[in-house]
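Next come two complexes, and both contain subunit A; in the first it sits with subunit B, in the second with subunit C.
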Partner chain A sequence: MNAASWGWLVLLFPLLGSIFIGLTFRRIPPKAAGLVGIAAIAAAFICGIAAVISLQGEPAESRHVADSLWTYASVGGLSIDLGIYVDPLSAFMVLVVTGVSSLIHIYSYSYMKSDAGYHRFFSYLNFFVFSMLLLVLAGNFVLLVVGWAFVGFASYALISYWYRREAATRAGMKAFVINVVGDIGLVLAAILIFRELGVIDYGAVFEKAPEVFTTTNEWTAVAICLLLLVGAFAKSAQMPFHTWLADAMEGPTPVSSLIHAATMVTAGVYLVARAHPLFELAPAAADVAAIVGLVTLLVAGTIAIVVTDLKRIIAYSTMSQIGYMFVAVGIGAYSAGMFHLMTHAFFKALLFMAAGSVIAAMANIQNIDRMKGFYKAMPFTAAMLIIGALALSGFPGTSGWFSKDEIIDFAAFRGGWYEIFAIGGYIGAFMTAIYSFRIIFRILPGPPCEEAAHLIETGHVVHGEPVNPATGEKEDIEVGYPGEDHHIAEQAMGMKIGMSVLGFLALVGGLVQIPGVTEVITHFLEPTFEDSPLAAMHPTVAEAWKGLAKGAVISVVGIAFTWWLYIGRPSVPETLRRTFSPIYTLFINKWYGDEIIDFLIVKPVKGFGRFANNWFERYAIGGLTNGTIAIVRSASGAVRDLQTGMLRGYALLMAVGTVAILLYFLIRGL
Partner chain B sequence: MAIEWYLVLSAMLFSIGFAGVLVRRNPVVVLLCLELMLSGGALAMLSFSRLHGDGDGQVFVLMVLVVAAAEVVVGLGLVVAMFRRRIPLDVDEMKELRG
Partner chain C sequence: MLSAILWTPLAFGLISLLAPRRFAPWVAGTGTLITLVLAAIVAIGFDSSQGLQYVVDVTWIPGLGINYSLGIDGISVFLVLLTALAWVPAVAFTASRGTDRAGLFYFMLLAGQTATLGAFLAQDLLLFVLFFDLMIVPFYFLFGIWGSDREGVTAGSATVKMIVFTLIGSLLMLVGAVAVGVIAADGGQLTFNMAELAEKGLPSGSQNWIFWFFAAAFLVKMPAFPLHGWMPDAYRAAPLPALAVFSAVLSKVGAYGFLKVVLPIMPDAVELFQTTMLIIALGSIIYGSVMAFTKIDLRLILGFSSVAQLGFITLGIFALDSTGANGALLQMINHGLVVVPAFLIVALIAERTGSEDIGPMGGLAKKAPVFAVIFLIVTMGTLAIPGSANFIGEFYILNGVFNTDVAIAIIASSGVALAAFYALRMYQRTMHNPLPEGSDSREISVRDGLMIVPIVLIMIVLAFCPQIILGDTRDSVDATVAVSKEAAQ
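And now, the complex of A and B:
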């Protein structure tokens, strides 16, 4: 079997899993549904490994396979195949997606145990994995759009999973609407690509692009890339499309972990890496990607330092880390960006899982002001939180240290004005250390809070009132809410397994890419990027190690500074907050991102709607129709009696009339 | 395959739909049957498009699909409005247009 056949199997298993679990809702026990879900994703993971093995068996220059099942549209010179494209880049993404998904499915198996909609959850989750794999494996831009829209829907369905919560349904709609804006960008890009190049398959597009766009920065090429970026930014929550991600935390924690940290939100990074031949013909657009990434990474970092909702801190941190990836693929450090995507998937999924465990122990309260002393109450979760935070802040030796500093090194190595990405990257790294260890130092040490003390004394998790933690609205407890029992990692096997494996990967996952020693990722992805002059540039090993040393110093200093802030001098944060209160207000209000979008887009649209409704509808359309009505009414007096009012009678009359006319012409024709 | 089969299927779809429009009184079912009739017409156009080997028929089918979607939106909107006003969902009861 060649790599493409394995690729089809990768797609098949999650789809079958989703359909099967969806159809057996309440017909098979929840446990069985969960196991089927896990098995489907694990099977996809194994097929993904098989695809990689069969790819590696080929010589480097032919390590890409395109295959299509059938042509589903062929008209006007456009031929769209239901085709996939397997090469090192997509195989890499398949492994990351299915690998992390398997672990998160295992985690969810325990975490969601008391939820009434268990089947629904696993069906959605499998559907998400299927759509994400479709996005990754798509062989042409049309199928990419299909996968892109599918993951948008899966994200919507899972954010609004607890559909009796008003906040959750609102957040789902917000995410969906913003993502649809991105979809439009992507569709327009696909149309423009077809108009300019006349082809739509990846291989053909990338082959033909240099022949058509002969000079750099031709405006159509730039336009195509910018439209692709609109899609990428919306999906990856980069500014100015970032506001949906924080609200998306209304979904269950495994969803935040899988979709809004590890996989879906990195699709934009994958898209830029996949379309790198186009971006290299339009460097201006690539620079836009890098600049937006840099701005997002800094802005999201500042917000993460001040918000107090545990999941939202991690969500803003996700935006910030994806900012790094956009900087990477924007400046041409493709394999470094993909490497950071992988390590980020490990440690961010881990952080969310650990946060889910803490939130369960707090009976769904997410405010870190209320949390204290969890080190004693939940040693395993605490250890996993610390591992996640170490990797996130780039502590020497952990996975985040290798991946983040590789990006910064490349920016410094490219020189010129790209230096600002290195400087911004270091500032971002310092903020990363602060916000990740702010979580640790605020919720782990100290005297246990009420819930933690209850857990230590009785060994049971507190049962809270069923209210939504974010808004305080009372839960409708029949269906569509998290269930009465909370599950923490210490007491649930599935959660423990998922977290241990990810914890291990977050610690040592970086060792596959040690500068000058292993560099597995770079070599693996080389065939995809071999045509790119940028990917051929490398900092020397000595320079890379110098960068790693700088990163290590910044991370350690940042962690020490955070320790001083929250443990050494606990009064300092309060003083800082009061001294810099305008800046604090700006940060805590998320730089007024929601308000700006509200003012620039939502209000004008609503105003236009009111104008259309109150004025245009009433006078223009109303006047026109009323005038017509008056004319018709006066004219119709004569034929009024024909109208019986029987709808079916009219239909019959019409049919008889039509048949009569047809018959007349038929007979006359003879 | 000969084109007759497609045309027979198309005619059957159309006739089943039309019979439904004539004999059923629930407006939702009437709308469903209208969709069947549209599909019948669309299938005929598609088959002729394939027969002649040009794309005109396919383009028309796209138009028909768009019109059908719009029609369902309006139709279902009417049904919901009737339901809200507690008007019985029966096309024979709606005789207000009698002249």
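And now, the complex of A and C:
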């Protein structure tokens, strides 16, 4: 079997899993549904490994296979195949996606226990993984849009999973609509690609592009790339399309872990890496990607430092880290970007899982100001949180240290104005250390809060009344409410397995890419990027280690500074908040992103809707309609003298008119 | 064969009118099923490499050159199948709920099917006009007699609005059709055969005014902005099963008319008025979408969404590009397949909540996951999620327009985002959020499922391979578009 056949199997298992669970939800017990879900993803993971082995068996220059099942649609020369494309880049993504997803499925198996919608959850979750795999394996730009949109749909379904909460359904809608805007960008990009190049399959597009766009920054090439970026930014929550991500935290925590940290939101990064031959022909667009990434990483960092909702801190941190990845693929550090994508998947999924564990123990309260003393109450979760925070802030030796600094090194290495990406990257790294350890120092040490104390005393978590934490309303427990057994915190086996494997990977995952020593990822991805002059450039090993040293210093200093802020001098944050009150207001209001979009887009569209409905439809259209009818009515006045009722009057009018017109033309024609 | 398809519904309609009342639904149901089987046989036997097939051509009124001439080509084959299909659940749904004056109801409904099929099958221009005009009559009675009065409008006044508007359009078209025949004959033998008319051609001066006579009829029927004034009242009055077929199929006759009659016979005028038509289409997309998300009545959300969808279809046709026109034809089928289940679902929702306003609704998915999933699939079809056949239709339409006018394509694509919003809003407000008191979240019954699920399954199959349709329609559509393209050069 070649890599493409394995690729089809990778797609098949999650799809079958989703359909099977969906169809049998009344027949099989929840446990079975969960196991089927896990098995489907694990099978996909194994097939992914097989695909990699099969790829590695080929010589480097032919490590890409395209295969298609049938012609999906073909008219007017625009032929779309139902085809996939397997090369090191897509295989790498398959491994990251299926690997992390398997662990999150295992975690969910316990976390969602006794939730009334267990089957629905696993069916959606499997469908999400299928969509994500379709996105990475798609062989042409149209199928890419399909995967892209399915991912958006699955995300919508999972965000509004607890649909009894209006906050959840609103958040789902927001995510979906913003993602559709991204889809439109991709659709227009695909159309433009076809118009310029006459092909739509990846291989053919990348082969033809240099022949057609002979000078750099031809406007059509730039337009294609910018349209691709609209899709990429929308999916990856980069500015100005970022506002949906924080709201998406309304979904169950495993969903945040899977979709809004490890997989879906990184799709934009994958897209830029995938389309790098186009971006290198339009460096202006690549610069846009990098700049937007930089701005997002800094802005999101400032928000993460001030918000108090545990999941939202991690969400803004995700935005910020994806900003790094966009910087990477924008400046040509493709393998570094993919490497950070992988390590981020490990430690961010881990952080979300650990946060879920804490939130479960807090009876769904997410405000970190309320949390204290979890070091004693949940030592395992605390350890996982610390590992995650260390990796996130790039502590020496952890996975995040190797990956983040590789990006910054490359920016410094390209020099010139690209230096600003290095400087911005270091500032971002410092903020990362602050917000990650703010979580740690706020919720782990100190005297246990009420919920934590309850856990220590009884060994059980608090069984609160099922209320919506946002509004305090009582909840409809029949709509997927986690039942009493749900409050199992870290004691459940599935959650422990998921967290420990990810914790291990977050710690040591960076060792595969030690400068000058291993560099596994760079070598593995080399065939995909062999055509790229940028990918061939490398900082020397010495430079790389110098960069790592700088990163280590910033991380350690940042953590120490945070310790001083929250443990050493706990009064300082409050003083800072008061002294810099305008800046604080700006940050805590998320730089008014929601308000700006509301003002620029939502309000005008709604206003137009009101105008159309209350004014135009009533007076213009209504006037036109009623006016016409009035004219007809007066014209038929004569006929109506017969008093045969309105209907017959019109029928007669019609008959008389028809005959008259027929006669006229007949006489003229004869 | 085509005559059998055409007259079977009417014949069974007559029988159900005369049969004892309790047999009426069975007779009508049998009639629609036989029609469906016949249409399926024709569609399977259709050979895309040949042009017009299954031709029936009998002289009818020799002096006027009017023939009883039927045939089927790539443009009409799936529309005929769609018509045959759509009526089955409409009859079944009415039968399962019962209705007063059942015999008369089924007679009207099936007479409407015959007229609609006639419009798709006619190869003689006057025969087409005749069926096009007759089509509205049974629906006038269906909406007027079995419709319901709403706040501010009675069913009677709503239908009067509808009939006046459509009749004006129809009369104009009749004049246009006669004029086409007379002018094309140029003093010689009169003929109304469409193919011959297209071959003879018209002087471009005449084309220019005749074009608008036809366009008026077709745009009213769709309806397109700003001629949709009759639609809201009529949609609110109509009985839902009748509305389902009306919205799914009759609106497509207008779009079909553009492809089948206007493009081949009036190519010069089409070329001349292309931009005007594109702008009307664009207006329909934007206006329809915006109206759809301000409405809270489910029927009006779907009604204005149809205005927007028909806008996309018109856009594709007048892109005068192979991909655009093929996409438009595919979209006609897709939209028909989406609308039939959508209106039946509205009926089911109304049975559960006692209302058709989404304002006070919510949470219906709670005890009815299967019902919710069916509605979700229909919703995703409505908003043309990539992966559905609807998306391929829209994709080709946008591609066609992109080649014609980039600015219009980009503005039109914003309609896609608006569609996502209004369609999802419709789904969320009914199925999600808390379940209010007094609403009954009840699972869809097997009987109702049997009416809706087959169409949903067809949507899913087409999602995997829209080429099933495109492969058969491609040659005919390309030939039609080529005529206009030649005129442009």
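Please note the rule applied: the second predicted complex is superposed on the first by the 623 of 670 C-alpha atoms of A that agree within 3 Å, B and C clash if a C-alpha of one lies under 4 Å from a C-alpha of the other, contacts with A are read in each partner's own complex, and residues count from 1 in each chain.
The rule is short, and it goes like this: contacts are C-beta pairs under 8 Å (C-beta built on N, C-alpha and C of every residue); 3 or more make two chains touch, one makes a residue touch a chain.
None of these values were measured; they are calculated from a predicted model.
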Task = Check whether A:G76 is in contact with subunit B, with subunit C, with both or with neither, and answer first, second, both or neither.
result = both
Query = Of the partners subunit B and subunit C, which touch A:I420 in the superposed model: first, second, both, neither?
reply = neither
Ask   = After superposition on the shared chain, which partner residues are touched by A:I514: those of subunit B (first), subunit C (second), both, or neither?
value = neither
Request  = State whether A:L16 touches subunit B only (first), subunit C only (second), both chains, or neither.
outcome  = neither
Message = Is A:A612 touching anything from subunit B or subunit C once the two structures are fitted on A? First, second, both or neither.
response = second
Partner contacting more residues of subunit A (subunit B vs subunit C) = C
Task = Kindly list the residues of subunit A that each of subunit B and subunit C touches, one partner per complex.
result = 75-76, 646-647
Inquiry  = Using the touch definition from the top, list the residues of subunit A that touch subunit B in their complex.
reply    = 75-76, 636, 639-648, 651-652, 655
Remark   = Residue positions on subunit B within touch of subunit A in the complex are 18, 21-23, 25, 30, 55, 58-59, 91-92, 94-99
Inquiry  = Under the definition above, what is the set of subunit C residues touching subunit A in their complex?
reply    = 64, 144, 160-161, 163-165, 167-168, 171, 174-175, 178-179, 181-182, 185, 190, 226, 228-230, 232, 287, 290-291, 293-295, 321-323, 326-327, 363, 365-366, 369, 373, 380, 383, 385-387, 391-392, 395-396, 398-400, 402-403, 409-410, 413-414, 416-418, 420-421, 424-425, 428, 431-435, 464-467, 470-471, 474, 477-478
Inquiry  = Considering only the defined contacts, which subunit A positions touch subunit C in the complex?
reply    = 22, 25, 70-78, 80, 82, 120, 142, 145-146, 148-150, 153, 156, 160, 163-164, 166, 169, 172-173, 176-177, 180-181, 183-184, 187-188, 190-192, 194-195, 476, 478-479, 605, 608-610, 612-613, 617, 620-622, 624-626, 628-629, 632, 646-647, 650, 654, 657-658, 661-662, 665-666, 668-669
